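Each of the next two complexes has subunit A plus one other chain: subunit B in the first, subunit C in the second.
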Partner chain A sequence: MGATVPGEASAEGAPARSFLTTISSALAPVTGVVRSLEIDTRMLGMIGALIVIWVSFNIVSGGTFLTARNLWNLSVQSASIAIMATGMVLVIVSRNIDLSVGSMLGFLGYTMAMFQAVWIPQSLGLGFEQPFTWVLTLVIGIALGAAIGGLQGFIVAYGGVPSFIVTLGGLLVWRGLIFRYAQGQTIAPLDTTFQMLGGGTVGTRVGALGEWPSWTLGVVMCVAIVYVMISSRRRRRRYAFPVRAIWAELLVGAVTCGAVLGIVLVANSYPLPVNVAIQYAEEHGIAIPPGGLFIPTGVAFPVVIMLIVTLVVTFLATRRRFGRYVYAIGGNPDAAALAGINVRRTIMLTFALMGSLAAVSAAVQTARLNAAVTNLGVQNELDVISAAVIGGTSFSGGIGTVPGAILGAVVMQSLRSGMVLLLVDSPTQDIVVGIVLVAAVGLDAVVRRRVN
Partner chain B sequence: MLIQKPAMPGVAPQRVPIVELRNIHVAFGGVRAVAGVTLDLYPGEVVGVVGGNGAGKTTLMRTLSGARPPDSGQIFVNGQPVTIGNPRDAKALGIETIYQTLALADNLDAPANVFLGREVTSAATLNDAAMESATRKVIGRLNPNFKNFKTPVLRLSGGQRQAVAIARAIHFNARALIMDEPTAALGPAETAQVHALIRQLKSEGIGIFLVSHDIHDVFDLSERISVMYHGKLVGTVNKNDVTTDEVLGMIILGKPPTKLTQQELAELHG
Partner chain C sequence: MIILAQDGTAIKPAVAKAIQNGVPVIAYDRLIEDPKALYITFDNVLVGKLEAQAVFKAKGTGNFAIIKGNKADANADFLRSGMDQVIGDAVKSGAIKIVGETYTDNWDPAKAQTNMEQILTANQNKVDAVLSENDGMAGGVIAALTAQGLAGKVPVSGQDGDKAALNRVALGTQTVDVWKDARLLGKTAGEAAMQLCNNSDPSKVKGTAAFKTPGGNSLSSILLTPNPITKDNLKDVLDAGWITKADLCQGVAAGKVSVCG
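Up next is the complex of A and B:
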């Protein structure tokens, strides 16, 4: 470039610049709208990317991608990664990493399976299929997850060992423990109520909300969204701060509620499998109509669990001191310490939270399989970290959102499930996902450099 | 000529200092960053702390902030011996600090930084609106043109960032303020604003340690000047009793004015 004649440079440079200016001036009204909507542009870009992926797969697959059946399955497959990704956001935001989540998941899933299939019924002699089995198993699993995650966090925060090393060790240790104690055995079957957490069916019991509870959930969520929007607007009003234009407020509210109700609609458009439906009809004395029986499945329990986890972790991250401290530590650890924040304790807690979320995902995955297998959760850490990173979490710390990570998980799972539909083999899937991961982060870096 | 204890007109000698540092030692490995320094600070007084790069000014001030407790030595607040083991202890005693590095969380906005570690909550959740409102008031005192209350401080100018750091120190009713080069990044107008602020805080009875390399600012604002040289205190002088050249001599040569020769003073301008 240094040797270029000035005349040439301007001849090449000018059209390029005017092209860019044309684009940015054409986009001016759009950026204006985005600004008054006050939405994270990164989030908007991800939603755009997701729509492009969905529509492309739908066209290429001849219309099989955007079906209720496929989307329902997609939602269930995304759930267990998304659940852990919410915690991984906080871990990465505070400038750490947890490579052990897949192994923790395997270890916790195995322990929970032992608990309900061996220890409660046999060792304690309480028998199988107790009504409390699933809750007890879940609570103990989550507590154990928090304990082993917290232990790793303790070594990171108080021992001063880098989290990469501690959790790399954890990855080996927790997996090794499973092999040592399971000795290759699969533990099955699990408690039937527990199995519901995985979204599958057992006889006529279905791991989903069903039609009306799903609608109720959707409406409750919409009311909550509107309530939060109104109350935060009121609060800003009370202090005479600038607020969003009313049309922007309405648009954001309508789109968000529309998306929620749309998800419910899709879940309710997915019928129960024929044999389950027939058995259900017989048990409940429902006459089978001539056109066949259509019983809506509704929102799957793994998705319900994911929604609850999302709400809880988002609340912790944005409305509580804990979350504020996690972000402050990620932005500037020294400043956080000088502000009087207990940095060590906060970091330990992020790892404990991560461990308990690994337990929740372990419950979902073992319940879905109706078994604990020794390789449960293998390589999940890669999917979870990728979801967080595609969702905008930055490795330099301090940046990342929980909803972003959820979207990241859905984007990744969409790619995988779309490729499965197109009969792409698994090595090729890995290649594509790997490239998308790097491209997404690279593109983001370029855009950020432009903006700043 | 050399004043060891304050005996200035207007300040009654029997008043109790807000802060007293006695025989403070700090070493980093073999480096004796602060070696036996004794300083005090009275209400409504500005004490300039000067010295060359690496003289130990920041390290001394950080013992008082709780950022790095001293290896030995005592700290008295209002005449009572205290232990300042961490920044929270210092803040609880009414000692606030504007750090040389500002110590801001770059990814958070101004209100989050001002209230970092002391968030306003209602019903156990962060009350961002209340914090923003208070931040608007306190920053308005420093820089009326400040508008970016919702942007990460990373995207603010150096002077705006400094305003955030100052706002954080003055919002919580400090009794003693440590300002480690508070105007290093400021333009002339903003510097004037900070000077006005220092005078106002002084009139409110707050004691201020002002660390600065600008000898004229120090002469302008402070009553007494403490000079450090290689971790030791050269001396504390009443500014009315010395010339800027004499203070320069103390900074550069590490000798009290009485021991400076005319030749040495002349060479300072060489």
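Up next is the complex of A and C:
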């Protein structure tokens, strides 16, 4: 305020206004850059928040937080919530909510565990460890997830019952059904190949890609990202839409690619744990060099699954008619219906997609734990909704992105994992996460109002 | 009324109303902070003690991690105090260092797994023993240990007699599973209920003793004795018909465990 011209301050209310003008004029070049990059300001804010969280935890934990090992763990711990958050974005964008995802996850995970640990080996008498077990289990789980998600969506869309009520019912029903299976006994152990989906270790088999496949995945994803950017630029040209400046395209492409390759680099910097490496060396007749054996672990399978799901759902949301419809319905349901969009069918499909993603997460969680337990996924609905909302999805509909939700999930899990590292007890963790949730949305609302 | 309370304090008003209306209440396995309720459970302090004893026998010094249950559940603290009876002196003398101790929301195994991963990361895997308060969470702990190639090398405790956990005892990845035969608990509660129908004074029920609660109440209780199952007495759960040999011995190599052949 020292720079305010004296004459200005004499008018009533002027100091505040001039302060705002100063800020917005100072921010003008930044806003200009952000505009030409076409990045959501909230997305940038979240990346900033994530960096602050990571660096602070790293300092407080004495350098443990930003080790390859902790980041690898963090990626696996975030994956299952992130996978479901991508679907939750579409559900919330179309002005609905799904409170049943935690229970659906529990029910589907339990069903998949029964399938591979009881029904195939014992009821059908085929025995454990069949080569087809994991695929069959996964396919059946996803199909069942789509079916029960779709059923909820059908009741919402065609029955006209509010989604809050339908999925609140689902929350109770699916959880209750778990107890119908085995009186609530834990189902374990699971098929060893299936366990790989959770990023765990069985003997010397690790649920991760390993060094070179990880790099290959990184490069393939980079190529895919560049291809999508080029094709979208061409399409915009064709319809005479404004396109980004070339430098902006290059910057966005470089940062996105850099992030993907960064994940690969970190994952490859995390070696197999000593005991696993020694066993691996013995089995493969490798001599252990002095100073220990460094075998890169690579990107964990849950993270690979998460990346694939992110690509697929982003593609559905931004490049397919289905996604356009979802955003149109969220923006204005009446206008969407009048424009000839089949609103009911679209809404039903968002719930079916949510159900199948709950099944994917259920596979990841049960595989990771190597067991299905009755409270599998309890309260996950809150984490999933929080991730979507922290990631910029608006409850008023029409606004929200898939990458934002992934970042939201990572932000939340970073807070939790970091606090466990510092031995903060769980009630305090809940307090912090709760405050962050409200602060993130509140801050965003304030910023938006100011900008507009 | 036989009540298994998720939260022993929150249910108080409802229980008080029942007792005022002449309905005797049995607190089944979980404490209810009402002086007129009859508390029937396995001795949870003893369970904690047995869990710690088995682990302490396997590993008497070094870095210990303690994975506790839900904070709102009194059992989590009973178990912890039983553990303290065993390791308390060693902790004071510095022979045992507690490098991680966490409550676990809803006794959720997935949360226990994440917590264990973080404890291992924070201590560069230098964890010598884990006291987990139940079997579900022990499963999460062992999954985290497996990922570091430490399963079977680090002793882990548990309780409940979960079939998956008994299988882990046979496999050698879990040290002890303190088994509380739920059928005995049910039978005792049923018998007590029959007696309460004739005389609603809980202190007149056969086999009761006074029990001081953490909330400062004194109530009548029947405390049953649990059975710690280790590799050496797996026969007990087989003989009781609690688990089939196929479930118990799944994946166990021949000749490793006597009951599995």
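Just so we're on the same page, the second predicted complex is superposed on the first by the 424 of 452 C-alpha atoms of A that agree within 3 Å, B and C clash if a C-alpha of one lies under 4 Å from a C-alpha of the other, contacts with A are read in each partner's own complex, and residues count from 1 in each chain.
Here, a contact is a pair of C-beta atoms (placed from the backbone, for glycine too) under 8 Å apart; a residue touches a chain by one contact, two chains touch by 3 or more.
The model shown is predicted, which means the values in this text are computed figures rather than measured ones.
Student: Kindly classify A:S426 by the partners it touches after superposition: subunit B alone (first), subunit C alone (second), both, or neither?
Tutor: A:S426 contacts subunit C only, not subunit B.
Student: Once the shared chain is lined up, is A:Q130 touching subunit B (first), subunit C (second), both, or neither of them?
Tutor: A:Q130 contacts neither subunit B nor subunit C.
Student: Does subunit B (first) or subunit C (second) touch A:T256, or do both, or does neither?
Tutor: neither
Student: So, does A:N58 touch the first partner subunit B, the second partner subunit C, both, or neither?
Tutor: neither
Student: Who does A:Q379 touch here: subunit B (first), subunit C (second), both, or neither?
Tutor: second
Student: Could you tell me if A:G330 is touching subunit B, subunit C, both of them or neither one (first, second, both, neither)?
Tutor: After superposition on chain A, A:G330 lies in contact with subunit B alone.
Student: Looking at subunit A, which partner touches more of its residues: subunit C or subunit B?
Tutor: Of subunit B and subunit C, C contacts more residues of subunit A.
Student: Look at A:R416 in the shared chain and tell me whether it touches subunit B only, subunit C only, both, or neither; answer first, second, both or neither.
Tutor: After superposition on chain A, A:R416 lies in contact with subunit C alone.
Student: Is A:T201 contacted by the first partner subunit B, the second partner subunit C, both or neither?
Tutor: Touch status of A:T201: second partner only.
Student: Jot down the residues of subunit A that show up as touching in both complexes, subunit B in one and subunit C in the other.
Tutor: On subunit A, the subunit B and subunit C contacts do not overlap at all.
Student: Taking the touch rule as given, give the residues of subunit A at its contact with subunit B in the complex, in rising order.
Tutor: For this pair, the touching residues of subunit A are 235-236, 238-239, 241, 315, 318-321, 324, 327-328, 330-332, 334-341, 397-399, 452.
Student: In their shared complex, at which residues does subunit B touch subunit A?
Tutor: For subunit B paired with subunit A, touching residues are 65, 67, 86-88, 91, 97, 99, 101-108, 112, 116-119, 121, 124-126, 129-130, 132-133, 155.
Student: Give every residue of subunit C touching subunit A within the complex, in rising order.
Tutor: Touching subunit A from subunit C are residues 71, 100-111, 113-115, 117-119, 121-122, 125, 135-136, 139-140, 143, 146-150, 153, 162-165, 167, 250-251.
Student: How about subunit A: which of its residues touch subunit C in the complex?
Tutor: 61, 64, 67, 69-70, 73, 77, 128, 185-189, 199-202, 273-279, 365, 368-371, 373, 375-376, 378-379, 416-417, 420-421, 423, 425-427, 430
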